[in-house]
């Protein structure tokens, strides 16, 4: 199975991959375990080391060829997993320049499923349901701002960027693409009573509506993920600091219940089959 | 008076172009990205990159450094000169290394101005075994990419610039190189200089040269 | 379920082409109004010296041509929408607001995609800058064949493609003054939804408000003379910048005294024509509904269908003249 990690820079792709690897290797994923590791996993081991020191995973450079290729056992079933860890800047520049990176395009066409990453702490729910795009005219006191730069795709709102990516992706495929939407840094979500899907419907409305309207081509589920278990810069609370990295990390499933880091992968495996 | 354009890449909500003396479109930035980004094991390392960029009609000569002071682990600085094809063919290049400078603070305005071409070329360090290895790689009839092993790749920068300088003008655009801590297979550079090799060579046939060892097996081909 | 699908390798180009030929949107006018100025098109910024890049492009940065819009219509249910109004009457603001409205919660209509997504984003960005005073709005490039915004919406299992024409106001000025024939604006003849725009800002100006009414009647005459709206098409009177009218009692009274007659004239051509008030660029503290929901309902409604949600009766002061107690009002 080829799964894509789709997300711009600093959206948690590598962090999830590291935490997932730790979960699988240390057999914390219920009936899913690694039978055989096929490619170099130094970057994952290094990432787990960083997590152990309560340091964030290093950013992925643009031409990184790192990937997780493993053979898994799921009960009696065997499945091969291939997940490239591509730089988020690569995706950003694809959207900004309006030109597909050839390698990324090849992966998009052949992928069996994808994980779409959004950072929770960059997309808080709207407190006042007025579109942020309405001009905030303040009457006579308003003063014109300095001359604004000309519009460019880099100035797209995050929700529109996610829709743009999915539209571009579907334009290159003839078959549906199951998508696990990953809300990363879930530990930062202030409205903790919200499940991941409710959070999406309040914070990223355009994307939520787009997914709902296109469910036939984009079957999807929404997960909240904390790969680190908390904010390292603020320091982890004592009860977490002593835990192994793979035990600190957690996922909130679409049901709103906590689950293992492997939950999005399991959902994708079920969706593809 | 001759002048050369410069670009500065660094981390600000992603690795991106922070300052430039000329306009670079998003598509041109995409072309540049693989050559202005890196990962490092050592915080005191540096990489040198030289490669022709047809999309800009220029040759990029750049240096990349780790940026541990930036908010994201793995952040880097990349300072690059964009040498016009005419300048590349005509002018001495050795002195350009002196223009490559890592930012020391957040004042980046100086990277937005064209830089005067160095008036006097300075002689780069000559490393006899290394230079011989480079010359052999360049003049070999085999066009395969070359990996030259050297214990301190950053020390080899002068020799690489000297090699570029000594290459006939019209052929300089095609000479690409990169110094790294670990060389990679399937790289877009004609010459990589590194202290070791990472990953599995052989998918793309590379020539491995180890001038540190002068015995009969100092040159080998992979693949 | 969305009926709009982005073009995929699975589509048979030959079949699509055949369908396009059956339901064409005719290419737009050759007319060269004298007052157009060269403009910057709504497109990704690209340096003039760049050579065309190799590789697979991403779409969505530009508006659609008539042919591209026809291809979309061939793939699913759609509505061609034309705002008939002069320059700066608020046409672009309505288009922008229809898109931005989807960013509000609790919508009864869902966003299903857009083949001109970046063009909408650029429009929204530019509207914000205009409101902030840091931008001069660009006009359409002269002769630019890319004139159509696309907005795919779903309501329950029904999907519809809104194809919203962004035509220069100068065209309608010339049409109203009988300088060009309606046949010079083929999109008007092809339109499923024709909206006569009444510029609320100009109604506030006592020097020009009469001309506003004249313009609407002139356009009505042109439409009627061309036997429009065609079968299956709908007409509406849309008053823009309603917030400016609502806050000025004198203008409100002026409009109230005349809107009934004007609306009645519109309904001589289309008995079901609604009268919709929109405040697309109203400040956040505007207390009334912005009218976009009602406009959207009319746009996506099938011909002859009752507009849903239904309009409410407006509660008039008890001493208002009987003739001013009208059944049509926007829903709050």
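For clarity, chains are labelled A, B and C in written order, and residue numbers in each chain start from 1.
Note that in this section contacts are C-beta pairs under 8 Å (C-beta built on N, C-alpha and C of every residue); 3 or more make two chains touch, one makes a residue touch a chain.
Everything numeric in this text was worked out from a predicted model, so none of it was measured.
Visitor: If you tally contacting C-beta pairs, which comes out ahead, A-B or A-C? Let me know.
Guide: The greater number of contacts lies at A-C.
Visitor: By CA centroid distance, what chain is farthest from subunit B?
Guide: Centre of mass proxy via C-alpha means gives C as farthest from subunit B.
Visitor: Whose C-alpha centre lies nearest the centre of all protein C-alpha atoms?
Guide: A
Visitor: I'd like to verify one number: the distance from the centre of subunit B to the centre of subunit C, where each centre is the average of its C-alpha atoms, in whole angstrom.
Guide: 54
Visitor: Between subunit A and subunit C, what is the separation of their C-alpha centroids in Å?
Guide: About 37 Å separates the centre of subunit A from that of subunit C.
Visitor: So how far apart, in whole Å, are subunit A and subunit B when each is placed at the average of its C-alpha atoms?
Guide: Going by mean C-alpha positions, subunit A sits 33 Å from subunit B.
Visitor: Quick check: what residues of subunit B touch more than one other chain, meaning two or more?
Guide: 25-27
Visitor: Specify, in ascending order, the residues of subunit C that touch 2 or more different other chains.
Guide: In subunit C, 44-45, 53 touch at least two other chains.
Visitor: What parts of subunit A, by residue number, touch at least two of the other chains?
Guide: In subunit A, residues 94, 98-99, 152-153 touch at least two other chains, as defined above.
Visitor: Show me the residue ranges of subunit C that touch subunit A in the complex, using the header's touch definition.
Guide: Counting only subunit C, the residues touching subunit A are 1-2, 5-10, 40, 44-45, 53, 55-61, 96, 100-107, 110-114, 117-118, 120-122, 124-135, 152, 154, 159, 281-284.
Visitor: Can you list the subunit A residues touching subunit B in their complex?
Guide: Interface residues on subunit A, with respect to subunit B: 8-10, 40, 50, 55-65, 87-90, 92-94, 96-99, 101, 152-154.
Visitor: In their shared complex, at which residues does subunit B touch subunit A?
Guide: 11, 13-16, 25-27, 29-30, 33-34, 37-39, 72-76, 184, 199
Visitor: Once bound in the complex, which stretches of subunit A touch subunit C?
Guide: Interface residues on the subunit A side: 94-95, 98-100, 102, 105, 126, 129-137, 142-148, 150-153, 155-157, 159-160, 163-164, 167-168, 170-174, 201-202, 205-206, 209-210, 212-217.
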